[in-house]
C-alpha cells in the first residue's frame, strides 16, 4: 500500500477518504485553505498543511501548491475526492510526473470522458444509445438558436467541462435562449475555467439513473447496480436512492451492462459513474461518465456492502479486486438526503454562517457523512452541501421511515438549511410511491407543505420568544440592581453585556 | 404580562405570568397552560408545555433586540414588544432600512448592473452575487432612483451589508 | 397498532425504543425522574412525564406511579426496555390488570424464566444441558460451603433474580466464600429487592454465547443466531460480536436449536435471549433466559437486518411475523463496544459528571446508540453505561478496523470513560485472533497498553497545559490593566471571573 | 519562559516563547518547533504542532488553578508552576489534604466500617460507597488513627467531599 496519502479536498468527502485510509492503515495528510483553518477535516486529521488562499482557485484548485505540499508531506499518493481537481487531467499528469499516484483513472480516460462531446463518441463506438444534441461546443448564440430549432425545444444547455448542475440551463422557448446561454457560459467559466457550452434534447419525464462502476487495472470491471437521482433542485441532485423504484430487474441489468460497455471501451480503472437518462417509455440514453468518486456513493455502499473508497485505494495500488459480479447484490434499500446550508423558501440561496447547535442523528439504519461541527463557521467560498444523511432498511418503506425519524431528530441551528424540505419531500405521496421524475420538484409545492409545518409550530415559537424575553427582563433588572457604577457604562456596552452574559445568546 | 411578538413580520399576542416559580401562558384564543424553559447549553433551550416537549436553539440577531429561533429545523425571526423591549429598542436606536438593499447572505459581488442616479423598476436585477459557487440575482425591492451604490464587482460582503441605497420617495 | 406507548425506561434504550415506535407511527411518551429532567430521552421525546424521585426505587421501579402515568398519558402499551421493570412479573400483571399491553412476554413465562432455579427445570424438561449447581437458593453460609465442596471450586455465586453481573461473585477457594457470599447477598438485595443466591460450577475457559429468540403469539419461534459475549469486566459484558469467532456452523446451529427448544417449552413470545456457556471442549450448557430486549441486540440487528424492537411491537399487537427461518442469515460481522463513564485505571469505578465535549463517531459501517449529549450531567443514580458503539463490516477484520477508526474519532470529555480501553482491547492480538474466553480481561494487561498510549501523548499534554496557562497569563495582565476598580473586587471573585470569562473553562 | 508542569503527579519542563504572534517550544531533550492553540468552542481546543494536529478538551478543576485535559479519550490532571501560577496558587490558598480521605466520585455511602478514634491499617476498608449501581470499597491510604468521620450510611456525597480525617502523624 502507500506510504502516505494526501487528501486534496475538504469537508465531508475529505473525512470519508480519511476514514477509508485509516481502515487500510495508510497514514493521512490533509490540506486546507485560510478559510478552512478550523474545518472538521483538519481537526480530525492527524496531519495537515495550509495551502493558503480562500477561493477554490487560490487553494483547492492550485495544482502547483498541492503537488509541492504532497512532496513536503512525503505523500506518495493523492486522493482528489470529488469536485475540485478530481476530473482535471493536468493534475493527474502532474501527479504522475512527480512520482505520486493519483487515486483515480488514467489521465487519458479522464480527459476523454471529461469532455462531453468526446465521451459521446465513445458511447457510439460502444454501441450505447446517446441523446440527440450537438457534436461539438456551440460558439455563438446564433448557432445555438439554429441547433435548438433543429432538435426542438425544450433543450438543455450544458457546460462542456461541467457537473453538479453548474453551467446548466433548461430552455423551453427561444425568447429565453439568450439570457440562459450567457449566464450558463459565465457560470461555467467561473466554475471550471472553461466556458464551452453544448446543447442537448430534453427528454420527456426523464429519470436520472446512474451505474456505479468499479474496475481494477487487471481488466476486471464490475457494476454495483444503479442509483436513482431524479430528485433535483436547480439541476442538482438532492435525494438519491438505490434500487430505483422506476425500473425493473431486466432494465436494471440492461442499463448496468451498457455502463460496463462504456467503461471497458475506454479501458477504465478506478471507481466511476456512468449516467443515463431514462424517459417515460423506458428508453435509456448515455449522458456522461464521471471519472471519480460520486457524492452519492454511500447509497451503493449501503445496499451492496462494498466499500468503494477502500476499493479505489486498492485499485490505485495495483491490487486485483477479488470480487465476483454474481456475488454483488442489492440487499435492502438506501436513501441519501443531501444537507445544504441554504434558504429553501428563498430560491435555495446559500446560507453560510456559524453553526450554533448541532446534533447529528444516530438512529438504527442511518449513516451521516458530515463536514461540520457545532461552533464551526461555514465559509462562503465553497459548496453549500455540508452533510449527507443516509438511511438503510430491508425495504424501501423501512428506509423512508428511518430517514424521516432521523431528519426529525437532526438539529442544525445557526444556518438556514434544507432539513425540513427533505422531511416534506420524502413524506410526499409522489416520493413514497416512487413515481417521480426529474421534473418532480418543479411541480411539487413543497413550499406550502413547509408553511404548514411552520404554522403548526407557531404557538411554540410565540411561547419560546416570550419566555426568552421574560428571561432577558429579569436579567436586566438584576443587572440594574447590582451595578452601582451603571453611569460609567455606555448604554450600548450594557446591552451588549446583557446579551452576551445574561441571555447567553451567541451572535 | 402581555407580550406582542413579531414573527417573520406577523404580529401575535401572548399573556405570560409567573406564579410560584412557574409560568402560566394564555393565548388570545383562550388556550392556557403551564410552561417552563430551560437553557441546556448556551443558546440551546428545552421548552416544556404541559407534557409536550420542544427542543430548540436561539441566537441574537443584529443589534435591535431581535432573536432567531431554530425549531424543528425551521428558522424564525422574532421581535418582542413590551414595556422593556420598547426601551431596549429605543436605546439601541435601530434604523429601518426601507431605502436600502442589504446583502441577503455573505458572498462576493459578481457584477453591478445599475449605477448611481439610474431609475429602476421593481424586480429588475440590481446586482449579481456569488456565494458557495452559486450565482444569486439581487432584485430591486421597489421602483425608484438609485442614490448610492456601495459595492463594486469583486467585493466580498458580509450578510446585511448595505449594497444599494435609493432616494427617499 | 397502539394508540400510544409509554416508555418506562431512560437513556439510550428509551431512545432506541422511541425511534422504533416513531418508525411504526406509534405516538410516544416517556417518563423521567427528578434526576433526569434534562436527559436526552426527555429532550428528544415529543411528550414526557415527571414521575419524581431520584433513585431507581423511587422512580423507574415505581410500578404504581408508572401505571398511573400511562393512564394519564392515554397510553395503551408500555415498553419496559431492559433492566428496571423489564423482567418484573408484578409489573407485567399490573399492566394487564389496567388494560395496558406490556410489550414483553406473558407474566407466567417471565416469572418462570426469571427464576434461575425454575428455568433450569424448564431446560431439563426441554432436554437442554445445564450446568451442575444448586437446585434451590442457598439459605446459609454453611449450606453454601457444603454445596461448593460437593461440586468443586471454582464456583460462581449468583443472584437468583439477577442479571448484569450484579450479585455475582467468582470464588476460587473456601477462605473467600464468606465475604463473597455476604457481599453478593447485599448487592443482590439492593439491586433487585431479592437477596437469594445460588451456586454454580465454574467452567473451564468458558465462552458466554447467547441466542437471540424472536417469537410471536401464533407459535412462530425464530432464532437470529448467536452473539459472543465473553469479553467481560466485573462479570459485565463490555464487547459483544456476531458471529462468534469461536464456534463453527454446526455448533452454531445446534446451540440455536437448543435455544428454540427452551423458548418453545415455556410458550415464549416476544424477543428473548437464551444464554449458554460453552467450555473449551465445546460442551454447551444452558445458563439462563433473559425475557426481554438485550443491551446488545443491535449486534444481531446489524448482521441479520431484522429490527428486533419493531418486531417486539408487532408481536405485542398480536401480529404474525412474516419471517422464514431459512431466510434469516448472518450477513457480515458486527461488534459492539459498551461505553461506560468509568475510571478504567481505577478498578472501573463509575465516573458520573458533566459532559463538556462530545463528538459521536459517524463513520461508514458504524452505529451509535447513545443516551447523552454535550452539556448533560450524567446522574449518579443509574447505570454507568451511557452509549453503545457498533461497527459493521463484510468481514470480522473490516468490522474491527471500522471500530478502531470510530473509537479513535469518538470524543467524550468531562467524565472518565472506557474508550481508550476498548481501543486497546479490540486491537489486542487475542481479540484480533478471536481466541478469547470469559477470563480474557482477568489475564490481559490492558493497563500497561493504556499507559503506553498515555506516554505517547505526554509531550502534547505538556504543550497543551503550558499554552493554556500562557493564555491565562495574558488574560490576567489584560484584566489587571483594564479594571480600575480592582480594589473593590474580592480576590476569589477575580480568579473565578478569569476562569469563567477569559479562559473559557467550564467547571 | 520556562514552565514547570505537573501531570498526574509527575513533573516536566518546557520552554515556551512568543515570537511574531507564534509560539516556539523547546523540550529539555532539545526538540523544538512551532506550535499554535485555538479555542474552537468553550473548553474545546485545537493544537497544531508543526504539521501535526491534536484536538482536545480542557476544563478547570477545583479552585487551585488545576486543569483537566481530555486528549485522545485519556484524562490528565495538570498543574503549572511559573511566576504567575505560583501567585495564583497563593491567592487561592489550596490546602493539601494529606490527612483526609476524599470521595473519589459522587455517590451514596452504603456503610461506614470504622469509627472515630479507631486505629486502622493501610488498605483496610474504611467505607463502602455505591455509585451507578456498583459497590466501591474506599480503602485507607495509610495506617493511623481516625480523627473524624464526616459521613454515615445513606448519605449522598459529591466527588471530593471529605469522608474521613486522620490525626496528624
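Residue numbering begins at 1 within each chain, and the chains themselves are lettered A, B, C and D in the order written.
Simple rule for what comes next: contacts are C-beta pairs under 8 Å (C-beta built on N, C-alpha and C of every residue); 3 or more make two chains touch, one makes a residue touch a chain.
These figures come from a predicted structure and were not determined experimentally.
**Q** Tell me which of A-D and A-B has more C-beta pairs in contact.
**A** A-B
**Q** Which chain maximises the distance between its CA centroid and that of chain A?
**A** Most remote chain from chain A, centroid-wise, comes out as D.
**Q** Using CA atom averages as chain centres, what separation in Å is found between chain B and chain D?
**A** Chain centroid spacing, chain B to chain D, equals 47 Å.
**Q** Quick one: report the Å distance separating chain A from chain B, using the average Cα coordinate of each chain.
**A** 30
**Q** So what's the Cα centroid distance for chain A and chain C, whole Å?
**A** Going by mean C-alpha positions, chain A sits 38 Å from chain C.
**Q** For chain B, which residues are shared contacts with two or more other chains?
**A** As it turns out, chain B has residues touching two or more other chains at 42, 44, 55.
**Q** Could you pull out the residues of chain A that touch at least 2 other chains?
**A** If we look for residues of chain A contacting two or more partner chains, we find 44, 373-374, 408.
**Q** For a test of understanding, state which residues of chain C touch chain B in their complex under the given definition.
**A** Interface residues on the chain C side: 29, 37-38, 42-49, 73, 373-376.
**Q** Flag every residue of chain D that touches chain C in the complex, lowest number first.
**A** These residues of chain D touch chain C: 1, 3, 5, 7, 12, 14, 16, 18, 23, 25, 27, 31, 35, 37, 39, 42-45, 47, 49, 54-61, 63, 65, 67, 69-76, 78, 80, 82, 84-85, 88, 91-92, 104-108, 110, 130-136, 156, 159.
**Q** Spell out the part of chain A that touches chain B in their complex, as residue ranges.
**A** By the definition above, chain A touches chain B via 56, 166, 183, 186-187, 190-191, 234, 341, 343, 346-353, 356-357, 380-384, 407-408, 410-414, 416-417, 419-420, 423, 450, 453-454, 457-473, 476, 491-492, 495, 499, 503-507.
**Q** Touching residues of chain D toward chain A in the complex: what are they?
**A** The touching residues are 38, 40-41, 44, 46, 48, 51-53, 55.
**Q** State the interface residues of chain C toward chain A in the complex, per the touch definition above.
**A** Answer in residue numbers: 16, 19-20, 22-25, 44, 298, 301, 305-307, 331-332, 359-360, 362-370, 373-374, 394, 398, 401-402, 405, 408-409, 485.
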